[in-house]
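The structure follows.
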Amino acid sequence: KSETIEILAAASTTEAVTALSAALHQEHGLAMRTTFAASSTLAKHIAAGAPAHLFLSADIAWLNYLAAHDLIAADGRVDLLGNQLVLLRRTGDAGARGLAELADLDMALGKERLIMGDPAHVPAGRYGRQALQHLGLWGALKQRAVFGASVRNALALLARGQGRFAIAYATDLRAHDSLRLSATFPKDSHAAIVYPLALIRERESAVARKAFRYLQGARAKTIFEQYGFTFLPNTR
Amino acid sequence: MLSPLEIAALSLSLKVAVWAVGCSLAPGIAIAWLLARRDFPGKALFDGLVHLPLVLPPVALGYLLLVLFGRNGPVGAWLHDWFDISLVFSWRGAALAAAVMAFPLLVRSIRLSMEAVDRRLETAARTLGARPLRVFLTITLPLTTPGILTGLLLAFVRCLGEFGATITFAANVPGETRTLPLALYTALQVPGGEADATRLAFLSVALAITALVASQYLARQLSKRIGL
Amino acid sequence: MLELDLTARIGNFRLKAAFRAEAGVTALFGPSGAGKTSLINMLAGLLRPSQGRIVVQGHVLFDSKQGIDLAPEARRLGYVFQESRLFPHLTVAGNLSYGRRLVPKGRTQVDFDAVVDLLALAPLLTRRPRTLSGGERQRVAIGRALLAAPRLLLMDEPLANLDGPRRSEILPFIEGLQRQLGISIVYVSHNMDEIVRLADQLIVMADGSIVAQGPVDEITARLDLRALTGRWDAGAVLTTEVAAQDQRDALTRLSFQGGDLWLPQLSLAIGTPLRIRVRARDVSLALTPPRGISILNVFAGQVIEVGEDDGPQVDVLVDIGCPLWARITKRSQRELDIVPGRMVHALIKAMAVDRRGLGSEPD
Amino acid sequence: MLSPLEIAALSLSLKVAVWAVGCSLAPGIAIAWLLARRDFPGKALFDGLVHLPLVLPPVALGYLLLVLFGRNGPVGAWLHDWFDISLVFSWRGAALAAAVMAFPLLVRSIRLSMEAVDRRLETAARTLGARPLRVFLTITLPLTTPGILTGLLLAFVRCLGEFGATITFAANVPGETRTLPLALYTALQVPGGEADATRLAFLSVALAITALVASQYLARQLSKRIGL
Amino acid sequence: MLELDLTARIGNFRLKAAFRAEAGVTALFGPSGAGKTSLINMLAGLLRPSQGRIVVQGHVLFDSKQGIDLAPEARRLGYVFQESRLFPHLTVAGNLSYGRRLVPKGRTQVDFDAVVDLLALAPLLTRRPRTLSGGERQRVAIGRALLAAPRLLLMDEPLANLDGPRRSEILPFIEGLQRQLGISIVYVSHNMDEIVRLADQLIVMADGSIVAQGPVDEITARLDLRALTGRWDAGAVLTTEVAAQDQRDALTRLSFQGGDLWLPQLSLAIGTPLRIRVRARDVSLALTPPRGISILNVFAGQVIEVGEDDGPQVDVLVDIGCPLWARITKRSQRELDIVPGRMVHALIKAMAVDRRGLGSEPD
């Protein structure tokens, strides 16, 4: 019973997962230890034999990577969270305020920069590129786009006035005084944003399963939604 | 004044840095000596290898450590099977990552200082009947202490700041591997976490400056004592 | 005792030296750049000769044919360097004790306090080398080497930085070392007085090779080496023995083959053998034994040889039972008609007998 | 043999490192001199400041640079208004980040070497009529060249490996700021990118070892020339 | 020319010195640790006195009251250090030229080739200091300081590491410097011969203070300083003038207040003033003028004073027109009844006149 559940979660879920682990302890007396980093880093830890029970990835690709290495328990995989892709601006940036709809992005951007996660490896960047391509803007904006190492990095750059707009998740907007929502990308303009949760095969146990289920439960739904995520599983 | 989380990160950082530096000292001195006083084939290459952690991006190095010392890695598996030690996710792993990153700085300081020791003093000691090992321990080493101190300081400070390799290799486990830089990173990941991050940054800086000033003072005392 | 036959090359400098030295003090003398320091370094194992052989007291230290090359610490040769090379991180006391602790069990230790007293190091013991003056530093270096109780002591101009009084204070101790501990010394010096006083054998080097070697008396008496040894230093060395002590006048009578020699009192037992150097410039000649003169030592003798010289002076070799050189002006030579075969009286001013040429310092 | 991307990253890395190191040299020497030869109030603190980049996690430092040199930052705004220079997103920014990270290593090497210069030689030069500046240029500096070389090498190599501050401050702009470590990082973030990452790691290592060996050779030549 | 009044504290060592030196060569003499190097460092601006004043040729270099403390380079005092302090990264030629390039436009430059020839540096010019022997190094250091054409030259035992021949080769040049360039020198040495030869004024230091100062003749004639200057060195200095040259015998006649003195030939013009040192130990006394003797210089005089001494010898001050010291044994003193007032003949062996005590080296 004294087993501590190790959960490896994408950095962007830090607050929500931290809150959840407190709730889990409170409700079931289960200790859950959280580790946050980039999904890629975490996936490699698991592949290297890190003692993890659960993995909450920001990207399906890394879960597939683990699946390919046969590291995921049977029936141990669920699409847990969804998110929305948004275009953000700085508070009080007059030039950015003029954006009425996404189609005007090229004009509103002017000579300024569009900041986004690196499409090569940051999921938000990848979704952003898909969306812009879908909207027929990518060709015109490509030259003015700059890539942050993570969404957080992109937002920091925007907050410091290094560009006019940034593409990020809706969850990133929370509690960011200096950023405002400019537009929301249509859901169909990019692949679905999914945070899959996996149960790691090697450490599979009753307690781990319990936590795995708990993360799909009603309490989890409340907490995740409180932090701006869309909750995907049908609450059991 | 400090939150429990900050205290935990601070004490963990200290623990990791002290262990990393403490365990590097002896091999550091040995390798510095090899580089300062010996000539052997492939020395330049060896020297290059020692400097590798300086040139490789910490993330790449952390990955390399993960491949080698992860539970499935050649060294990691052995450590796990025989000693039941797991480095990944443990403060020991953080210490290893920090030690590897700081090692070139340690070696270089000691080596430079050792090269500056007048060899004529060493030959004088030998004519007085001291064997090379004794000469090393009684002449070379004491005269190198300022360099060793500097090296320890630099390495210590480098360990305090180590991030990329640690998060890649030892991960970001609160209370276990979440040192000050990792805590800082974590704070930056949270929307609105800048205030926390700033506090942590100040803490790091204060710690480093304390270490620097203390070592400066120590170095001066030491120099006086060894009469340089 | 010491047998050496070496060739070496240091940069453009070639050194080729072979000699065999008996127990006692062997002096190395030669102009700057002659290779004295290089030679002594090869003895100590600090420089490797290209080929040759070094044997000290039966121990082969180096032999290129047999492939022997002992490490410096295994040679157990003490070395007092031209520069003192004190350990900066140790106090004077620490420096002195350094080699002492490493003396093998079997060997007699040198008394620490005696060395400290003699070199007047007591007030310096807690000081750091950095704060010492040049002379003080060298005194400590000498003490340090002495205390390591070496088989053979190598000294590279150890007194060059010392002033007169300190010099004559230390010299007797270096001699004493040789007598009391039976330790042999290879002593590099530019100072002929020191050499005559200390050395049994003299090796004169120039340009990397040995120009002359032999007993000190022989070498110093050779006129052909004057270009190297310096004109002032030419003279004869008399081998004498203490014959009597005159307490009233505080004089000592030495007997030698030419008769008796009176000297300011030496506190030596009767029968003690003594080497005395009489510089040619301190000997005058007279045709008749002068009277009412303050010069005590007058010896009748016969002129054997008159040196050829371009200068205003000539050196005259007089047989007074043993050879003695006198240097007189050409004018005196002509006026007194000094030619080989002539009977003369040689006047040695008692005080002009170079007391530094004695085996021990009387005052 | 090398892909165009690799070549781009390689040449960018070289450009960034050369500029970073080149521009740090003069201030590095000046500060090393201050630390080695002067005493002033607050020296320990100043010394601490110089060492800060060593102790702060690179990411935090990158963030600090962003605050200072970003377009709205005090220095960045000034640079932008007066010189129309923007550091963020440009290789200049990457060079700045690299320079800042490498600076403590540069200063420390030079300083150590400078401290080892026999002051008595300097006083001898002064008695020969040379003013302090001339003494510095003709005696101290030439005798410090081995340390300067070492410092340059270390800084160069550190610049080649700089990652965290660069990515935070200058971002990851292909062809502009995507140096080798950033390319390596990018490769590691993609599932299956290990092969590319390995190639890039080898490239980094080869570059660093080349630099090390070359500098070793140079240092030996130099030491011979200055007769040490 | 030089005016100095300083107090200083270095560690536990206290130094208090005040003197005024006229143009020419001022020698600093004293035992090891007396503070000679410290004093000279304060002159050069390398050590700061706690208070006092230094004036060289009318220029105030230091004055604690006025708050003046010139930088070393502004003092333009050349310094030859006890250790050579050559610049390791420059060749010998580079070392020599270092100060030369910095000579202010107005000042006369010293001829490079002349210095190189004199110090025999030509074969070393392209070498590195590291590869030089101790003596070679010091020669370069001397050349370097000379070529900086300083106002005043400070030399801290510059010849301590040189051998006899090199020493006497360099000495005349140091003298020449003073004569030809009118440069004054402060010269630290343990070697009385060097001092007598070079110095006009002598300052004797001990334990951080000045024990005696004055013209060299006066100081060396003082018996009370013997404990410091060494017994061998006691003697009188005669101020003479070249009176005639005897080509046949290659002798030179000097005239002084006591009469004529014959010396091995000196290549000096008639009328040249010369300082000659006659050591007490080289002077004998006779009651009647001896005949048929090789000693050329015999002077009649009257005993003025007989020194008190515990040893076997006494020093006798004889007035031969000027004071002359003779050292004889107590036995001779008693037998010849040497007491004040007695008429005696002083015998100075021509060759025993210390030619190194001359203004220039004749051979």
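Worth pointing out:
Each chain carries a letter (A, B, C, D and E) given by its place in the written order, and its residues are counted from 1.
Everything below uses one rule, namely that a residue touches a chain if its C-beta (ideal position, glycine included) is under 8 Å from a C-beta of that chain, and two chains touch if they have at least 3 such contacts.
Keep in mind that this is a model prediction, so the values were computed, not measured.
Shared contact partners of subunit B and subunit C are absent.
Path length between subunit B and subunit E in the chain contact graph, taken as the least number of steps between touching chains: 2. Each chain's centre was taken as the mean of its CA atoms, and the one lying most distant from subunit D is C. Separating the CA-averaged centres of subunit B and subunit D is a span of 20 Å. In terms of their C-alpha centroids, the spacing between subunit A and subunit B amounts to 35 Å. Between the Cα centres of subunit A and subunit E there is a gap of 91 Å.
The mean-CA centres of subunit C and subunit E are about 26 angstrom from one another, to the nearest whole unit. Residue positions of subunit C touching 2 or more other chains, listed in rising order: 83. Among all residues of subunit A, those that touch two or more other chains are 44, 156. Contacts with at least two other chains are made by residues 63, 185, 188 of subunit D.
Annotation, chain-chain contacts: A-B, A-D, B-C, B-D, C-E, D-E (touch as defined at the top). Note for the complex: subunit E touches subunit C at residues 11, 30-33, 37, 82-83, 131, 133-136, 139, 157, 160-166, 190, 192, 227-228, 230-233, 246, 249-251, 262, 264-265, 281-282, 284-288, 290-296, 311-313, 326-334, 336, 338, 347, 349-352, 363. Here subunit A touches subunit B in the complex through residues 6, 8, 11-12, 14-15, 33-37, 41-42, 44-45, 47-51, 152, 155-156, 171-177, going by the rule given at the top. Residues of subunit E that touch subunit D in their complex: 44-46, 71-73, 75-79, 81, 83, 85, 87-90, 98-99, 102-103, 128-130, 144-145, 148, 150, 154. Note for the complex: subunit D touches subunit B at residues 44-45, 47-49, 51-52, 54-60, 63-64, 105, 108-109, 112-113, 116, 147, 150, 154, 157-158, 160-164, 180-182, 184-185, 188, 197, 201, 204-205, 207-209, 212-213, 216-217.
Considering their complex, residues 63, 66-67, 70-73, 88-89, 167-168, 171-174, 185-186, 188-193 of subunit D touch subunit A.
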